[in-house]
Amino acid sequence: MDPLTESWDRVVQRHATLRFVDTNLKGAGQVMFQGNALTGLLFLIGIAWGTVSARTISVMVGAVVGLVVATVTGGLLNADTTSLRVGLFGYNGILVGAAFPTFLAGPMMWAFLVVGSATSTVVFLATANVFKTWGVAALTFPFNLVNWIFLLGAFQFLRIETPGLGAGQFPQHVGDASMHTHITVGYLWDTLFRNLAQIFLIDNTVTGVIFAIALLVASRWAAVFALIGSGVATATVLALGANSVDVGNGLYGLSSVLTAIALGSVFYQPSWRILVYAMFGVLVTVVVHAALVSAFAPISLPAGTGPFVIVTWMFLLPKHKFVPVQHGVIRGGAAESRHSKGGTP
Amino acid sequence: MDPLTESWDRVVQRHATLRFVDTNLKGAGQVMFQGNALTGLLFLIGIAWGTVSARTISVMVGAVVGLVVATVTGGLLNADTTSLRVGLFGYNGILVGAAFPTFLAGPMMWAFLVVGSATSTVVFLATANVFKTWGVAALTFPFNLVNWIFLLGAFQFLRIETPGLGAGQFPQHVGDASMHTHITVGYLWDTLFRNLAQIFLIDNTVTGVIFAIALLVASRWAAVFALIGSGVATATVLALGANSVDVGNGLYGLSSVLTAIALGSVFYQPSWRILVYAMFGVLVTVVVHAALVSAFAPISLPAGTGPFVIVTWMFLLPKHKFVPVQHGVIRGGAAESRHSKGGTP
Amino acid sequence: MDPLTESWDRVVQRHATLRFVDTNLKGAGQVMFQGNALTGLLFLIGIAWGTVSARTISVMVGAVVGLVVATVTGGLLNADTTSLRVGLFGYNGILVGAAFPTFLAGPMMWAFLVVGSATSTVVFLATANVFKTWGVAALTFPFNLVNWIFLLGAFQFLRIETPGLGAGQFPQHVGDASMHTHITVGYLWDTLFRNLAQIFLIDNTVTGVIFAIALLVASRWAAVFALIGSGVATATVLALGANSVDVGNGLYGLSSVLTAIALGSVFYQPSWRILVYAMFGVLVTVVVHAALVSAFAPISLPAGTGPFVIVTWMFLLPKHKFVPVQHGVIRGGAAESRHSKGGTP
């Protein structure tokens, strides 16, 4: 542990208020799996930069409110103290708080945001309990579930507006018109970092650079895998021919960055073998993102970090030397006769 | 136990036919978690009142047929006798039986209803088995799954008509036109009780009052939480600005009533703390209802009691002092190399 | 074991290349639950017949590529050797490989097919791990998930075309016009066998006959249940009035054939009681197929073998004398107060 972290930790032990700040900063950091207060602080700085640039301050305010509400809800529900202190009850809330002002507006939006952030903590506890059965983490599923439910719900409420949600339409094959003619070095550079920035729904290259630094502060491997994942995802979708404006804004890479960090540097030990496995995961992540774009077209929903969650679960659930249930007779089915085998037909 | 119940139980012990009637009545009662024959009888009386008033007798006939078919199927599948006797194999069937004649018609509708009710028992056994892993009940998920599958299926069959299902459309933001100008005391009174009546798909205030009495007969707390849940849900959706005709018909409150009973009086002990938790659940339930209305718009499905199931599972799954899987290395992944760690890239 | 199988097995022991061929043939056979190389070979011959007749050779090539890629991926991921050798890592891949060229085209289609087939193995491992909790097999869920994700994804990529996917539309009630006037013996004969052929997405009666023989070679009961399931499904959908062109092409029966084999001859011992249970499953399977046709109309997806997976899981999960979680107080909820019960409100 570096001297700065050490002295910060000493200060934090003595002051309840600073401990609360520390917990929340770690919660921000956990969006990319880093229970590190400095990472979280840099994430908030990156968000501030992006939202000030785009004049969408409500996104920054929402993120902070969501983070604090979700963390406090964890405390009120008697959450495991160790998990609370490393920020596991904040990272879904900060994403809810960034997402709602991005897509919604109206007089009751902030009430929606507070309830949604608190709900993300309940869903986190529920999801974590279910997936613990197979030794897998909840990831950002709670954020995505809350995001999808509350955005869909907003359509039915007069006092929540939905300016950020497009009109419903049937999925259609992407046309030539949606392709750039020139893929420049500047475009690729922007995309590389916007893939990171869009995890917090920010469309800003500088924010992405700040996020990369924030990762580097906590884990060299996390930063490396984030950038490799970002690059591989971009190359893949350009080869396949995805809408190049969406690609350039980082929408096709945000989930891949998370998949690469999760598989490459968090849940497995970095190795050549794991690098290949993580990049396989990145390929699948861009396809799942495209699939969600199609599936959600009729109901106007954004994919969020859903592709990351789906693929990372898929790629974490397989276990070494695992023996599946075979294609043979199962005993004890409800339809079996009570005492003995029935006669064969 | 009151003297009436006691002597009824004595009579029931001696007569197989009455025992079967008792099992079915308890099955009706279990729709609101009361394994109580008198509650079930009052539910049937409430349904009779509502369907006679609206001249939709087929809904009442369907409810009874569905109840009996589902219960008998439970017996044929060698279901746990104790669970069978308290009505756990009937409550999904009665809802299937009330729903199909509400939405469907045509010469093969009754065959559909019989198969659907029997299917609800199989799905109950399957769901109960899966959710037992986390100590949570199946709730009315089996009804909702069967309802959604068979209603969607009906579109593809010439001899099942779909008069109760609207045309598909993309979700759209609710407009000013869908709001009442005057919310009167009469409107609020009707809504309070129709939120109960709509659990059995009945749009009738008197039926709702009979249902409230039916709950009171079995559990004071169940009746209290049902009405509090109904009131809080109504206040919430009026504040948010939902379609006030739908609100007045009880569509926005039916799932909230069930969430309030389940969280407040069935699966947790009533307390101030649980009251707050249950009302939090009620808030989320109305949002989930609105979300399902939007999500199901393109495929013409009703939300049923789905929002109750989703939210009650969400709010029951978190366990006290539960330690989630942390964001750290997991051993035994399929991608790890066979013998030793690979070289770091 | 017959002498032919015995001598084949002896030869296979000595030659690694033949062992690999054997594993892949068994993988083909496992699509209908038969870990039998001759069955798999006959399946491939049936596919060859159908694709040569229809001049869709790419479907046959795709099937072989998908089978091999999925099997090799299983080996690379250190899968359980016994499961690998009986073909459990190939049967989803062969279906992915047959499906993609049926629905997709374009320069990147084959890259998509390779990645999709490899993904089916990862999803198989993940699904098998999850469903092992309840003693149930993964079935063809991995194929369906991969199929749905990659087909939906294809809409967003310029270099993958979607000629086999129709335009999105809202589900509509089937009209009189979609009904044949004459159901002939020839129509019924074709349907009986096309229900088998369509499992591999082939619309050809002779292929269906070859598939029936392929089953007979491995298991008399499997062949019997396949044909009974096919017949019952056809009779049911004609009685309900489904689109008779789709019925005649085997689309309404393919999942029912699999349900009948699985419930009647694989996971339960054949008996009169199980015959009734399996036919109940067949009835529900045709309804689920119709439901998926409706639900997928807006997003242009085919139902695949999804109805089989859903229904077979439903009908395998109920266990004998199983006691579900009762409707009573659960201890240890996150909302309970930390030390003692709160005061009652």
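To keep things simple, chains are lettered A, B and C as they appear, and every chain counts its residues starting from 1.
Quick note on the criterion: a residue touches a chain if its C-beta (ideal position, glycine included) is under 8 Å from a C-beta of that chain, and two chains touch if they have at least 3 such contacts.
A quick map from chain label to UniProt name: A, B, C = Urea transporter.
Predicted model, so just to flag it, every value in this text is computed and none were measured.
Viewed as a network of touching protein chains, the structure reduces to a complete graph with every chain in contact with every other.
Comparing the residue numbers each copy contributes, chain B and chain C share less than half of them at their mutual interface. Between chain B and chain C, the centres computed from C-alpha atoms are 32 Å apart.
Shared contact sites, meaning residues of chain C that touch two or more other chains, fall at 77-79, 122, 125, 133, 298, 315-316, 318-322, 334-336.
Considering their complex, residues 77-79, 122, 125, 133-134, 170-176, 178-179, 237, 239-243, 280, 283-284, 287-295, 297-298, 313-330, 332-337, 341-345 of chain C touch chain B.
On the chain B side of its complex with chain C, the touching residues are 30, 33, 35, 77-80, 82-83, 86, 88, 108, 112, 115, 118-119, 122-133, 135-138, 148-150, 152-162, 167-169, 266-275, 277, 298-300, 315-316, 318-320, 322, 334-336, 338.
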